[in-house]
Amino acid sequence: MSLEDAFADGPAFVPYLAAGDPDYESSLKYVEALERGGADVIELGLPFSEPIAEGPTIQNAVVRSLEGGMTPTRFFEFVEDLDVSVPLVCMTYYNLIYRYGDESEAQRASNTSGETVSNGPRPFVEKAAEVGIEGFVVPDLPAEEADPLREACDEFGLDLVFIVAPTTRGERLDRIMEQVSGYVYVQARLGTTGAQSSVSDQTGSSLERLTDYDVPKAVGFGISSGDHAERIVASGADGIIVGSALVDIVAEGHENGDDAETVADRLETLARELKDGAVAGASQRPPHPERT
Amino acid sequence: MSLEDAFADGPAFVPYLAAGDPDYESSLKYVEALERGGADVIELGLPFSEPIAEGPTIQNAVVRSLEGGMTPTRFFEFVEDLDVSVPLVCMTYYNLIYRYGDESEAQRASNTSGETVSNGPRPFVEKAAEVGIEGFVVPDLPAEEADPLREACDEFGLDLVFIVAPTTRGERLDRIMEQVSGYVYVQARLGTTGAQSSVSDQTGSSLERLTDYDVPKAVGFGISSGDHAERIVASGADGIIVGSALVDIVAEGHENGDDAETVADRLETLARELKDGAVAGASQRPPHPERT
Amino acid sequence: MSADGKFGDYGGQYVPEALMPAIEELNDAYERYVLDNEDGFMDDFRARLRDFGGRPTPLQRADRLSERYDREVYLKREDLLHGGAHKLNNALGQVLLAKYMGKERIIAETGAGQHGTATAMACAHLDMPCEIYMGERDINRQRPNVFRMKLNGSEVNPVTVGRGTLKEAISETMRDWATNVEDTHYVIGSVVGPHPFPSMVRDFQSVISEEARTQAREKLGRLPDAVVACAGGGSNTMGAFAEFVDDEETALYAVEAGGSTLEVDEEAGVAPNSASLTTGTEGILHGARTRLLQDRDGQIMESHSVSSGLDYAGVGPELAHLVDTGRVTAVNVDDDEALTAFHRLSQMEGIIPALESAHAFGYLESVAGPDAPDSEEADGLGEYVVVNVSGRGDKDLESAIEETYERDIDIAPNMDEFTGGL
Amino acid sequence: MSADGKFGDYGGQYVPEALMPAIEELNDAYERYVLDNEDGFMDDFRARLRDFGGRPTPLQRADRLSERYDREVYLKREDLLHGGAHKLNNALGQVLLAKYMGKERIIAETGAGQHGTATAMACAHLDMPCEIYMGERDINRQRPNVFRMKLNGSEVNPVTVGRGTLKEAISETMRDWATNVEDTHYVIGSVVGPHPFPSMVRDFQSVISEEARTQAREKLGRLPDAVVACAGGGSNTMGAFAEFVDDEETALYAVEAGGSTLEVDEEAGVAPNSASLTTGTEGILHGARTRLLQDRDGQIMESHSVSSGLDYAGVGPELAHLVDTGRVTAVNVDDDEALTAFHRLSQMEGIIPALESAHAFGYLESVAGPDAPDSEEADGLGEYVVVNVSGRGDKDLESAIEETYERDIDIAPNMDEFTGGL
């Protein structure tokens, strides 16, 4: 199923977890629980050492996952080991994509100049396609720098999701919307990721800018409850993206030493609440001229 | 007896102690012991808070005496209380001489401008004469600045002793020798006061510069034993000045809590050794053309 | 530099979308105020550098080093700038620019605290509220600089995530910026980050080479044969090089921190050095493509140097490019050599340099010192060398003494009585 | 000044005879090299002040203070001099002079350590062995400065007699000089001591007012209405005033340390201030007749100030004379006012001043600040005031924070997290 298709039957619920948080085996169970809870697409984080777009919740998840030994190679194994059928989006920072597979061990050993030139994003995309990933979100890759990744995605048939910020307007918006595929990640508020106790009022106006663009609009940043989900979908979103609220459950379980099944059940429960909220929101919204 | 007369009968032994070190009563006994030991003149220190010409031994004596409550007023009482018949020389720094008696208590209380103008050295000299002091040594008062004190001394018939350093030559020497009376204090080595284990070789040449001046020459700085005293007088000195070696005895007695009589006896013993040394030295020296 | 902020393949703008409008706005302001001197911005800036900052800084002949190295050694005295390092050139420029842009709040990151103190000073001078992010570990290592920032009225926000050092502080500041982008300017502390920062910071710092070039002509009637500067992010480096880049006859040496060794520990993700020009590989960090210390997967490594101002895993993209094209020669000096040079300059010239700047002097010793092997490198320095003294060492007294004690640097004074009580 | 080094009745040469020949030799060298520029001494000195020291220092308009005090406030930035205070002007001059005289060894006393560090720097620069006497108590209070002296290759000799502060260190240095007078020069740290020191130190420091005068003419086309400088021994003061003394239209304010109170405790021999111009009486100390803090008997009192550089019982004889004749107005500022001014300048202008210099700003506030009573004193300052920033406050960070904490200065930043760990 392509990403765009996941948005076809009503509002899509797009949860995020960092792969390998807090360890490989538990993390597999957690991601699978998201599907049981109603996920339509799953964003799977490949942790980078400098996660500049993340708030503390996801930063800490990244640290746990890295300490658990997560690497790009392990990440691809993780995806292969996962037993889910919804489309997977890999969320990571550009350097990991850029550096992947640039050199074989043998090349490296014989390279005395100290200079290693990257082959660019293609090897990473090729490998991602091979393990069944459907698309990417790369928070530190603006549309201006995205051509090489865009080309590789096109070559291997993957989508490239872009984030649209509250400050993105005019020409910039056009440039992004030209590049985007799968869905557009509508950032609900300024700042970094992180669960919030109230939902941003700007969602309606945020979405209005985008009505003319024919791609699903998934809203994220700060959604933490079924109620948030409902209101956001009611304001016109085609989907909701939820990360930190779910990661909080993983973190808490880890801190308390809860067993993985218990944590997985909690994740499934919150996932269902969010999905139900989204569905409820859809029934309240005015008929949409373009997306019926 | 005038100071110069004290040098008439053979070599003079001129010991120094800080008045009031370590306390008023003991100090009286110590000074009197010096006379018993053969002192011809006694230099009595009136302690100043910044004794820039003294080495550590006398600095510490000054601190003890000040802590014991010594002041210029107490110093004059001390001189009156002393039971000695040899001439006394007051050794102090110029600021104490300069500031003495500049203002009555009443003047001070009514003075709101904060300005107090000194009357100069006269009141101090007048008072010193009254209690029977014969002269002064003021280590921080060079001949160039000495006119006011010289005048007051002349008025009250006191002597003004100057120090001649190893570096003093030519015109400077003349200028000093014009001002000096009583005796000239010949500094045996560069530096500050302090007992030394060997005696300076320069004594002979030091004295040579002075042969043409008709005033007794007392050599000081570093003399600590009868042997030193002997050699210095043999080199031509008319007297020896000894401070730190005696002060060391006071300090040691104070530290050990020895009773004042014991310490006084030790002082008398060393004084006698020094005096005897000086006398022995005199017999070795070549007949002196001017002073027979 | 091309219009899109690229230096060869390096540079660019790899930042979250939320920051892009601010960066475009900044780029616009940079072009108008800095490049075109709109509203007399550059005149205002230069006047403040002069009156508040104390420019021009001298180009001083180092008499005893000249004798030791048998050539004319001149010092560009950025240590005399207000605050004690070249950092003020940039901080004052950016805070003033933010003021011209109508921004109401300044944020900055700092590692050793030099950029933070410079920014705090500039903000007090220009009446701008300021918050500085600093890793908790750095806060504990650099107390006097924390005091200075607070005394100048800045908030100091401890960063507790990760290892609590510069890398984390930069990330944290970017997060603040992404949240408050509309009224806030982020004063980046070196020629790093997304365009226009590398170009803009270079332009603010290039007053160093502009003065040095003029002073060299006045004092010796010619240009120097070589300019030597330490390189962390590379701002004093680019500042010292910028105006000489077109003077082909002047060799340019960027001295990196060799740390304890150039070997890296990939397992631990640790490079015991900060030599990204010498040993790093191409990658993307903090908004720009450049040379980095990273592992095979592209994870950023923990760097190390005895001098905290050089302790950074990346380097400015323009400097990386100039090294790739051969215009700048990247060399490095290890911790011991830097400490020895720190003591040598203190004793022989009466200038206690920042440990960062000491690296530049370590290079001189290593190629031209009495124990240096006869080498072409010494010839490369030529007859007339300018060394950039990027900062003074007052901030480094305690750590220099501690590190010296641990290592037993033979020319160091005996400080035994103090090493206990530190 | 008359030829014998007298300023009115003040001045003179009250030193042990052993030192007199050295002082005469010095006086001769002073006249030849300094006054007559023999062998181009003064040119050499001025060139080194420029290249090594970083002169000229700026005369900077203080924008926010000007607004606060409703007049033009300009800062003479001696804090930007190498080493961080005006002290280098004198230390460099004297060490260079000693070199011209063929001396082979330098000694100096230091209290806060600023003169010691300046002397150590000058000695390293000029390749002269150097020993610094410093009270043991001061050594413990001023560690960073002790480190700096040692790093510059000087010996630091602890003085344990008495209370172990500046007064004792001066006496001890005089003793060393009296012992080694033939090959040693004693670099006195202020306009105090026997002639020719007060005149010579003033001449070395007068570059401050020479520059300020020219800069004032350039910037405002006129001379200032007032010059304000703190006064400890009075060297920055005389330096800032010297060239203005003949400009009758320029008022001169010497700001002393008022400490905690101007009352003195004669019993204990303690003056809880260092206001010798305001409350002192005539006397003889350390080689000169001048104004002193002394008890009725003429014993020197222990002075006190929150700023250790002002903490001295005497003052330069020329300054005392200028106050007596009415040319200079002596005023004073207490510890609390000085600390408040320290914070105000740090926050409003981005300049952390030495606590000594903060006294000068405290005076401005007390007569022209928003809470000042309307007074003629404010008129006395006029429209255009120059304040001498004699040094930077880096040396004072810890003590300023501690003292602030004890006193609860309301404009101070919250430093609670640090006051424990100091």
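In order of appearance the chains are A, B, C and D, and numbering begins at 1 in each one.
Simple rule for what comes next: contacts are C-beta pairs under 8 Å (C-beta built on N, C-alpha and C of every residue); 3 or more make two chains touch, one makes a residue touch a chain.
To keep track of the chains, here are their UniProt names: A, B = Tryptophan synthase alpha chain; C, D = Tryptophan synthase beta chain.
Computed from a predicted structure; not experimentally measured.
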item	value
Chains touching both subunit B and subunit C, listed by label	D
Touching both subunit A and subunit B (chains)	none
Chain centre separation (subunit B, subunit D; CA means) in Å	37
Subunit A-subunit D separation of Cα centroids, rounded to whole Å	65
Shared-contact residues (touching 2 or more other chains) in subunit C	none
Contacts with two or more other chains, residues of subunit B listed in rising order	none
Arrangement of touching chains [line / ring / star / complete / other]	line
Contacting chain pairs - touch in the sense defined above	A-C, B-D, C-D
Subunit B residues touching subunit D - in the complex, by the definition given at the top	48-56, 59-60, 63, 66, 71-73, 93-100, 103, 108, 114-118, 139-142, 144-145, 162-169, 172, 176, 187, 190-192
Of all residues in subunit C, those that touch subunit D in their complex	50-52, 54, 57-61, 63-64, 77, 79-80, 82, 84, 120-127, 143-144, 146-148, 150-153, 343, 346-352, 393-394, 397-398, 400-401, 413, 415, 418
Residues of subunit D touching subunit B in the complex	4, 12-18, 20-22, 24, 161-162, 167, 170-171, 174-175, 178-182, 269, 278-287, 292, 294, 296-300
